[in-house]
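Each of the next two complexes has subunit A plus one other chain: subunit B in the first, subunit C in the second.
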Partner chain A sequence: MGLLAGKRVFSIMALCMMVGLLLLPIVVALPSLAIGEEAPAGDAAKKDGDKVEKGRDVYYKTEGIVVGAPAPKTVDGPRDYPRYNFESRVLLWFANQQHLYYGSFVLAVPIFCMIIEFMGVVTKDKALAKRYDQLAYDFIKISLTAYSLTAILGGILIFTFLTLYPAFFSYLSGIFRIFRPVMHIYALMFVAESGTLYIYYYGWDKMREGFLKWIHLSMSVILNIIGTLLMFLANSWIGFMMSPAGVDEQGRYLGNIWHVIHTALWNPLNLHRILGNMAFGGGVVAAYAAYKFLASKTDEDRAHYDWMGYIAMALGVAFLIPLPFAGYWLMREVYAYRQQMGITLMGGLLAWLFIIQATMIGILFLSTNYYLWQAMGRMRGAEKYQRYIKYLVFILACGYMVFITPHTMVMTPAELKAMGGQQHPVLGNYGVMSAKNGGINVIITTTVLSFVWYMRGNKVSTVSWAKFGNIFMGIFFACAYFNIIFLAVYGYYIPANVRVGLSVPQVATTLSCLFFMFALNSVMMKGAKQMGPIEWGKISARSQYALIMLATAFTWMMGLMGYIRSSVRLFWHVNEIMRDNSPWAYTHTVGFAANMISFNVLFFWITILFVFWLGSLGAKKVPVESKAGIPGSIPQPVASH
Partner chain B sequence: MSALNNPVVAVIVSLIITVSYFVFVDHYLMDMQGLDFWYLFRN
Partner chain C sequence: MGWMALAILAGLLVYFQMSISEPAAKKRAVFKTFIGIVATLLLFMAIANYKNNFYGENRLLPVSLVIITVSTFVMALYFTNLSALLKIGGLMFFVAAFLSGYGNWLPQVEGGFPPVEEKKTWDSMTPQQLADEGEKIIFGGVGKNKEQGAIGKGQCPLCHAFHAGMLGERAPNLAGLPGRGKERLEDPKYSKGNPSKREYEAKEAFPGSGTAENAQEYIAESHACPSCYVVAGYGVKGTNDKQSPMPSIHKPPISLSLPELAAVDTWMYLREGIDAPSFEEIVKSYEKFIPEADRPKQADEKPAGATSLLADGSEPIDQIFAKGQCISCHTIPGIPGAVGTIGPKLEEGTTAPQRIKDPAYKGTAKSPTEYIMESIVDPSAYVVKPFPDNTMPKIFGQKLSAGALKKIVDYLSQVKTGAPPPKI
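And now, the complex of A and B:
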């Protein structure tokens, strides 16, 4: 009893410490904020007598007292751009991308961990609760080593900036020093994140029951709040580089911290990145589970890693589905901020990269569907859907081909002449946004349908209105497909200013399928008759390669999108404020960019394999008594159905 | 409820619900953006 009370006191103290760590940066920042915007202005006023210079915010158009120095006009030379005998931009690209990969991973995995631990706490089935707890523990164990590597890569990134781009970095840190506490808040929050993560991980065994478990779960919430805030702060820097605000046209800071952080693209970037990180994290963990599954020697291990792979994939895909819509929002805001920037992205210099991106998105969804169809093989009763899968393949293939068709082709003069122009008379019609919106929405709706089939694979509904429910679902999906395709075709017959709005009902149609059909299916399958248990571990090896494919495609796509987002600034360090005068202020060829992205992906996967191997060296015994049951008799995870 | 389990009735009821729903979604979401969904049919 005394021991329990001691643990309880320790846990509450740990939780309080974490809250303290979370609040520490704000407390530290308060005095600076209090002096904040007036002090520098006051200093400036003293220097210039009573004359106070005012400037106009380039984005918010508000007037403010000039506080900071203008953006430096750099010249190509060792002072502003010191270098090795190598392209500095490529070195920075590498350091940035690796830090981002690991940063995304260690941000996403604790969120999964929190969700799974919560599922374990609330589930009534004790065996299942232990399995969830074990899974959450496995997840956090993977991220722990990766966390140290993230910090090391962050250090390398800062040194790369300082040594290769000192003028740019000093301007950026100057801006962010003027709204002074931000960089320090960032550093302190990193300390808070580390402290919380270590207590969370090492306190797992001691806090696994009753009240202590809730305290432990609360720690994961705090851990994720800190992680998300960290990401938001980092996003404010790239948001500032793309769509600066809070400074005048010379780049002089005007004293409003919030304007510099809250740029035009900050919120779309925040949403896009958080969803992207989650999908990426799910993919990496699923690939880890797939690798462990393929290397497993026993049925128990195969069952465990099959289940782990499924949960990671399901969580990843749950965030992948809304990701294209967040992407639309980001693009819409880019167009709203600077139309030319949007055109450069989607209709100009970088348009071909978007075709590659579309290809990767299609591969992600195809892999997901393929995995789900393979996964139905571990259920008795799911055979009834097998004969329909060919139709889904057909629909997916059609949607995919439309989605990846370019508007114009790169051709030789002879080919151009033979085709009668840059645009193919038939296929060229599929290269416009109207068709592409239709294509991707068809793909996502089909993925939702595959999920619904998977969820009811081994079940037969016993509700009295089951027949009506099944017919209704079928008709709802059919009408949804019809509506998406109709809107895509309709777009060809109406003017562009009306057509642009059609993407909203198309998205709403897809989301209707997702939410309504999942909800209806859950209601119908409540208390359903089971044809047999899910036989975890009895799945084809091909499915596991699909998971690895999913993770690799996602890693590649993240690298690609990061490159596109960064390249859209063209020859600007900070868009329209600070010009890049280095010899590398040009846009790389598509081929070079693709090679560089592939190298980054390869490097990440080699190092993450090393991380997994390190994790397996220090594998301690699991905090639950039994690791996994016998395949076939394993309790069915609630989340999976 | 038994009438709804009749396939013909189920198909008709389902069609009425889903078609009305999607027409509403198309019209309302375009209207919300200040755009006319029925542009082609009016012109």
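And now, the complex of A and C:
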């Protein structure tokens, strides 16, 4: 035991050292890059006497020596906007979206691998440990083919930028000095990421046992650190385009690279994207498992892929639940940065897209609940909950209908006159913000309830206070529903500016349910009596389609939100700094955007199904012993029990 | 390309006829190939539809996705080896078709092109060009000065009339202003050269600015410091004409730059057939009354995207009232500076329900919020006694965004007589 603990400590120390060494050049390089950029200007200043031109940072309001050229004022023509006989923006949209889908997937999967491999290492059940290990290996195998495709799509994206938007790209990348050092670091980190990934993957068998396994696990941590930093750097470009900093009003670089990276929206974007990638990655892996489940010929395979699908779904949903809160933060920062930008998003030109988003959120939660109810079918003992499912369906449907009812929409004065006021004669009476918040909070609370039922499906608590615990949980949920719905209705009787404040107690209620009920349930179910095993593989085919629905909806929503984020810049390449003077400097209709998102989603899925198929070509049979434990031992997936 | 695929399938059909001898197997192979041909036809129909309607207005694009969904499910029935893949694909196409259809069903809003970025070179304009710019600033377009309700960035016609004989209820009629400027300077109340003796709320535009020496300077001063001299009968009610209801035009929310003010003045001269002072002279007259720190930047240096709206709804409610100039005429509890008396005091939380019940009310509103909205977009629907009709402009339905109108209605519906005003 002591030896094992010593090895763990040693491996953690080794890991810290490795990460430290890896990050050292970057940490050292960042300030020197910033200073290095200023130096030539300083020299030039000495030569030209006192002709040092200073500029004021548009965001940080600090003064700095101008070291870059101003943002180019583009004109519509072949020089700044060379083109094919097609809308360049749509081509770029396609290239960008595909790269992002694959990028998100290959960044998310190693995080899953890390979690699952860690679970395999720490679990005491040998058979289960092997299964976790095999699952992690399967995950990374899927991402490996996708990884090279990500790089290829990245190349295509850069070529698309260079050939169709040369003026804009050169402003960001090279001669204007904005992101030049960042792009080089990005490229180098990509090399490091690839190297680590290949060692991680090909070294799996060699580093299967003992201390080497810990080193292997440590490598997954390094892999994820590099991957996350890569994403942060890429986010700094879109952050700069939305909320530029580090440049003056003309877009001239002022020598501080940290200001350019650390823009107003950088951190909220980082958090939102990490969570989004994880939810998306979970969805894709769940869809892969569903596909394999549906195509399986043997019970063993079905059991394995049922389990895999469940874990991927649970991980994906675990990151989906905090996603709206990260979204709130991002939106709050958008409002803080430019209120007009927030209005364009939520109450202006792009507001209809948020109605679609509301629909999608509803679909995601409904699919999740449906899957969980179906999954209860493979547990003996869960029958007692199944008769209540119809009531949950009713609650979810009511919550969903309230959630998607709009209250006020942006309208032209003519439309306003035609409707006789800002609100619809019938719908206008409903759908105020507190009611919609009530709707979504009811949906999330019901999802929590479904999870709690699933977690205790085949178990009976043996703690002495079980009865009291059950009553308490029932009352807690009832009070939560009452509070959320009461506040939703109360919102109709108070002015709009007061009503806004109701969202805080509503969200707090939902989160209390989430944390307290999960925690209490876990305590109650510790050492619980099992009514019967979870019969992995004995789940309906419909449940697998729910997973596929979940994955497709994730993909669609990601495309939608990416489009919204990008189009909020309206006719600016770089907000308020570099104007888009191409013939496509307008915002498409909702319908066109929806068609384009569908196209991107389907293209991604067709190609990823191809990747899955490629993966299956080289698949070696899963070692038999790793599955031997299935009928006898019940796996205890991380997010469920 | 479609023909090529179909040709391959037709070739397969023939090949199976020739190569398979067992009748049952042959029948099965032929049937499957036939299903393949049907699915391929559907697929290419879908692709053709997708291509034709990519930019189309008829919103039929999701139909393609539905066709593909149907063909994949049909294929899944007969090609059992690929059944799972085809069903999954079919479901994905269905989800995409549903969401695409949903997106196309919603009202279609397209963001227009940005306003053209043009750098105005004011100092090289001819007087006529400058006057045209001035007319745009006042009325929103060249030749619009006689149009009822025309209003530009300067918002002047909200209060001023510009043609002889027109009603100037809230502010003096500006017809003949260049000639009248000299007369004003001779008015003892103006106190030319001795601002300290003025009896108005403001003695000078800023300490040391002095008074106007000529007609142009008088115009400049009245724009920069409206309360330095108030024409009799046009002061804020209750102040005995000591204070003007007019905002300083170079300050927010209107914020005209000095060249823009020069353009406005040039129009005032030229439309009377009088030669205007030069651009430089007019700008200099404004520089006398507006200190450098207070001078707004020229419009073309600001971020583009400005609209013809007075308020777009993104502003706080007090700014919306200020930008819409509501505060010049109405007293609105809780809104700083809203002490106007030309229109009724706005306590709509109390008064709106009463007015709907008034037998004289002929409007269509059924609730207080509808009444408030109606009285903004159609002020003549019900005129509060004893105020005269046609004093309030009828342009606010066009000049305020839906969001701004909503904020106004929300706020006013909460203002009640005797109760503390709502928080801003």
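For this structure, a couple of remarks:
The working rule: the second predicted complex is superposed on the first by the 539 of 641 C-alpha atoms of A that agree within 3 Å, B and C clash if a C-alpha of one lies under 4 Å from a C-alpha of the other, contacts with A are read in each partner's own complex, and residues count from 1 in each chain.
Here is the rule we go by: a contact is a pair of C-beta atoms (placed from the backbone, for glycine too) under 8 Å apart; a residue touches a chain by one contact, two chains touch by 3 or more.
The shown structure was predicted, so the numbers you read here are calculated from the model rather than taken from an experiment.
In the superposition on chain A, A:291 makes contact with subunit C only, not with subunit B.
Contact with neither subunit B nor subunit C is seen for A:142 once the two complexes are overlaid on the shared chain.
More residues of subunit A are touched by C (comparison of subunit B with subunit C). Once the two complexes are overlaid on the shared chain, A:552 sits against subunit C while remaining clear of subunit B. Shared-chain residue A:490: touches subunit B; no touch with subunit C. In the superposition on chain A, A:501 contacts subunit B only, with no contact to subunit C. Of the two partner chains placed by superposition, only subunit C is touched by A:597; subunit B is not. In the superposition on chain A, A:512 makes contact with subunit B only, not with subunit C. Comparing the two interfaces of subunit A, the one with subunit B and the one with subunit C have residues 495, 497 in common. Only residues 464-468, 471-472, 474-476, 479-480, 483, 487, 490, 493-495, 497-498, 501-502, 504-505, 508-509, 512 of subunit A touch subunit B when the two sit together in their complex.
The touching residues of subunit C, when paired with subunit A in their complex, are 54-55, 59, 61-62, 65, 83-85, 87-89, 91-93, 95-97, 99-100, 102-104, 106-114, 117, 303-305, 312-314, 364, 369-370, 373, 377, 397-398, 401-403, 405-406, 409-410, 414, 422-423. The residues of subunit B lying in touch with subunit A in their complex are 1, 4-5, 7, 10-11, 13-15, 17-19, 21-22, 25-26, 29-30, 32-33, 35-37, 39-40. Listing the residues of subunit A that touch subunit C in their complex gives 287, 290-291, 294-295, 339-340, 343, 347-349, 352, 355-356, 359-360, 408-413, 416-417, 420-422, 495-497, 545, 548-549, 552-553, 556, 567, 570-571, 576, 579-581, 585-595, 597-598, 601-602, 605-606, 609.
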